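As written, the chains take the letters A, B, C and D, and residue 1 is the first residue of each chain.
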Amino acid sequence: MTTEKKQAELIREISGVEPLKCMKCGKCSATCPAYNEMDIKPHQFVSYVANENIEALVNSKSLWKCLSCFACIERCPRNVQPGKLIDAARQIVLRQKGGDYLKDEEIPELLDEELPQQLLVSAYRRYKR
Amino acid sequence: MQRIGVFVCHCGSNIAATVDVKKVVEVIRSEPGVVHAEDYQYMCSEAGQERIAIAVKEHKLTGIVVCSCSPRMHETTFRKAAERAGLNPYMVEIANIREHCSWIHKDINEGTEKAVILARAAVAKVNLNTPLYPGESRVTKRALVIGGGIAGIQTALDIADAGYEVDIVEKTPSIGGIMSQLDKTFPTLDCSACILTPKMVDAAAHEKIKLYTYSEVEKVSGFVGDFTVDIRKKARYVDADKCTGCGLCQEKCPSKKTPSEFNRGLGNRSAIYTPFAQAIPNVPVIDTDACIKFKTGKCGLCQKVCAAGAIDYTQKDEIVTEKYGAIVVATGFDTIKLDNYDEYAYNQSKDVITSLELERVMNAAGPTHGHLERLSDGKAPKEIVFIQCVGSRCSDDRGKPYCSKICCMYTAKHAMLIRDKYPDVNVTVFYIDVRTPGKNFDEFYRRAVEQYGVNYVKGQVGKVIPQPNGKLLVQGSDLLDNKQILKEADMVVLATAIEPNKDVRKIATMLTASIDTNNFLTEAHAKLRPVESPTAGIFLSGVCQGPKDIPETVSQAGAAAIKVVGLLAKDKLMTNPCTAHADELLCNGCSTCANVCPYGAISYEDKQVNDHGIRETRRIAVVNNALCQGCGACTVACPSGAMDLQGFSNRQILAEVDAICR
Amino acid sequence: MSVNNEFKPKIVAFCCNWCSYAGADLAGSSRLAYPADVKIIRVPCSCRVNPMFILRAFEKGADGVIICGCHPGDCHYSTGNYYARRRMTLLFSMLDYIGVEKGRARVEWVSAAEGVKFADTMNSFVSKIKDLGENVRLGDIRCKN
Amino acid sequence: MKYSYYPGCTLKNKAKDLDVYARRSAKALGFELEEIENWQCCGGVYPLGSDEIATKLSSVRALNDAKEKGQALVTLCSACHHVIKRVNDDMKNCDDVRERANNYLKLDAPYKGETEVLHFLEVLRDKIGFDELKKRVVNPLTGKKIGAYYGCLLLRPSGVMAFDNAENPSIIEDFIRAIGATPVIYPYRNECCGGYISLKEKDMAKSMCEKICESASGFGAQMLITACPLCMYNLNKSTDNNLPVYYFTELLAEALGVKEESEA
């Protein structure tokens, strides 16, 4: 099995998403508030996994732009849940050595007076292993 | 002892590929009762059936086992073949070695072994079969059609034209159904009323057709050829014989604030009303929830102004009992409620409407007198967005998993009509797929694009966002350009999914007709018997069976009608001989069986019995073979084991169990 | 061959003519595989299944018995499956009482449209029975060789 | 009535107001919030991966603590509510998560999702009742036009959260009416504020919050209320205080006349 095939299977497993349920209506992309920041769009998450095009997916900046706001999950008419797919792709990156998207030394300059703990905690979980 | 012949079918390679048919023949020969066994390429073919006839003669067979496809497919075929060969048709059993064996197993050893066991079970059963003889029942030469939309009207007209009496029961005050609410019809754009109204008039005027409007089916009993139906004629509070249909009562009625059902709630109607001007019958009804007289006892204005003296506040619901030989369900559909789709802002904005509401807006008799305008402020829209598949093709519990089928076409129709009448209005259609199979349908859709400049965008809409300035921001996908679009619109029209009429489940239950998970009535066979319900004597017409447009509905209505005519043309029907019967010596008359019988087929008689020399009168269960449908509930309920089912007797089933477990 | 040592359960499936038998046909015409251990007996309705039939099957060496009928509310005879459900609830608690493992007998609703469900149900039932192993509790020792 | 209470990290720190006013209001309304001992941070984000267990355990501990006391578990912060409610749903409905979490935690009795998880707003709606709340208001905020900002975490996914209609919610609007003010309904109230993205992508969060605030002001809102410290932070960053943002508990305490009360 190729690495990409393995990874595609891993993404399916972690996310619990069946990409074949997708009917390609594009409602996820129509709904996504971070759409314009993404290079690979929410509806493409599904086809990238279905086509085992994982290398491109895990290198996509979309991994770090998804807000996990669940709008795509809520509105998907086929219960495909693209947001879970991109999260699983992110997990694959984070679970590798050196996959962190946030370096400790970056943090001090990102802080300000009002910044709530919740933000740091969430960002840690999103960006770091 | 029976003399049984076993016939093993190859079904081409369908069976022979995974079942060693020769081996089955060889093994089954040694089963008790089997005197002959052979295999053949296609048992259902004429040559195959001929082989059965020859074997019956040569081997003096008394019973037959055919190892072939499902009995649901060819049991009747082989029973008829046996009958032609001089056997009782109920001496035939089928071992299903195709659907239940060869098609699901890959390993030939496994398949062969299972086929042998299935054949053995069938042989064991036939050993205990007895000849059965169907009874006869009479046919009432009159049909009932439930629902007075285009499906019901067309079915009734076709049945009546063939010379049979037919009654239509319609629950609203007028026949006409959803079609009467449409403005224009695709793909020819004729005005809906212009083609429907004459049919409504024909139905009302036909000497063989009786209309029960504002009426509902209350109770159904009986069986094919002989149904008894209670129809509730709801009180109209208007004497139909006296009413001249002048309309003065509606004009004078002071209670005018009830949302009009006919106008999809977009306009109001009075408490005494006919749903629309061309209503048939043109006799109003009083909506007692809205009527001031009924609510407070005061008013009575309609009675005062009615010159014909037709208003009668004391009228009561009336139950009419009629006999029918056949019943057609034509209960139609409605659009789904959009409460699960608030991302499209239907409940938040008046300018987001359903396509059916748009029909009323575009219609000259509608709430805006046919002017295309925003319902919030009456302004003329400049930018209209249509959203397809709202609630259709949703497998997520919010909507319907099926395609509603008609939306692509009516949206193209709406887009075209708007661009034609208001060329300065821009029309955008968000679609997932455009599905336009049908004669002149795809050409119609292409005309909308190519001639009328309708902008089709491939992609679903995520959200409709009402703006402070009253406009609607439509956020959708353009999958071909890989863009997220934000489009400002004045109106948004939702191609709302359709669903079977809410009452259909209740009606199907009364008729014991089966219904699928989406509340569509099930056909007896999806391909070969599409207008019949599996319940004998019940026929399907229109959308109650599945989404369809007007031409298809009319075709199906005609097909249902001819099936009904075919039934009514018979004087007698053969009844199913697989019915229950009580062993007089075992029955103790306890009534347990009658309590579980869903058909009321069991009654009790005092009978003289001779129980091993003791003569006495006992109360004994008697089954009416015309009413019994052969479910077998009584056979298990019977505490003394007196009740048994012909064709599926305790001994037969136990023999099958034994054969399988051997 | 190792196949010979593998436990091949005997499983009897009672299927009502209108829904589940048709569902099994659909599983077949959709080529959905399930183990050949399952043998189907056609009955007009799940309410035709006498608890006696099930006991007899166990007595004769069946390892599992499954009764399939129309979904509640969809019975061709309106109410037959409700009777079946009640009868089987009682029977199963009795089986439990006399020591037949839970799960050897089962009731499932499979409609004529549910070929997939039919195959899934049979697959899961067979694997359950395989987990439980051979039925020894009710077997009639006189039936053994 | 006594509820177990899970405050969460931020309510002990930057979002003290959310917590303090909630406690005072609860007292005034006659119910008690009993803080779970030694609660641990929920993590702020529900782990979507179906193989994640460790990240769900802190929520399970809190849930089990409430179960042992026989109390419902009340939350205030939208993120905590989201995480705990979803973990609870996993413990109830997902055999794999339940089995593995219980194997790991070795509780006295396995936890199977028995605890009822309530957001403070749900307590007001379902336990107290907005009609009753209205009666208790001594200082109605008459004339104030308030936009409810739901954000995403309270509402979605609606199947699990079962908080309100995810696309057209009404609970905060009903709350606003109960405290005497006028709700302003605007379409962006259930759109995301950017959430954690504001740590690294400040512009992205800003543009999202601008849309929200613009829409709310456009429909006439004079202020926004929220239940989430992160939403509060993000919204504040983009409005320049043209549209002040408050915790809903602050307005509740004000309406109940307990805002200034020193904590007893």
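Just so we're on the same page, contacts are C-beta pairs under 8 Å (C-beta built on N, C-alpha and C of every residue); 3 or more make two chains touch, one makes a residue touch a chain.
Because the structure is a prediction, the values reported are computed rather than measured.
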Key: Contact-richer chain pair [A-B vs B-C]   = B-C
Cα-centroid distance, chain A relative to chain C, in whole angstrom = 44
Remark   = Taking each chain's mean CA coordinate, chain B and chain C are separated, in whole Å, by 30
Key: Between chain D and chain A, distance of the C-alpha-averaged centres to the nearest whole Å   = 25
Query = Where does chain A touch two or more other chains at once, residue-wise?
reply = 71
Query = Which positions in chain B touch two or more other chains at once?
reply = 343, 463
Query = So which bits of chain C are touching at least two other chains?
reply = none
Message = Run through the chains and report each pair that touches.
response = A-B, A-D, B-C, B-D
Ask   = If you look only at chain A, which of its residues touch chain B in the complex?
value = 21, 23-32, 35-36, 41, 43, 71, 75-79
Ask   = Residues of chain B touching chain C in their complex?
value = 70-72, 96, 98-101, 103-107, 110-111, 113-114, 117-118, 121, 509, 512, 514-517, 522, 534-535, 578, 596, 598, 629-633, 635-637, 645, 648, 650, 653-654, 656-658, 660-662
Note = Touching chain A in the complex, chain D uses residues 8-10, 13-15, 41, 43-45, 47-51, 55, 77, 79, 152, 155-158, 166-167, 191-192, 194-201, 204, 208, 229-230, 232-233, 236
Message = Help me check something: in the complex, which residues belonging to chain A touch chain D?
response = 13-16, 33-34, 37, 64-65, 67-71, 73-74, 83-84, 87-88, 91, 102, 106, 110, 114-123, 125-127
Note = So, in the complex, the side of chain C touching chain B is made of residues 10, 12, 18-19, 21-22, 24-25, 27-29, 31-34, 36, 39-45, 47-53, 56-57, 60-62, 70, 73-74, 76-80, 83, 87, 111-113, 119
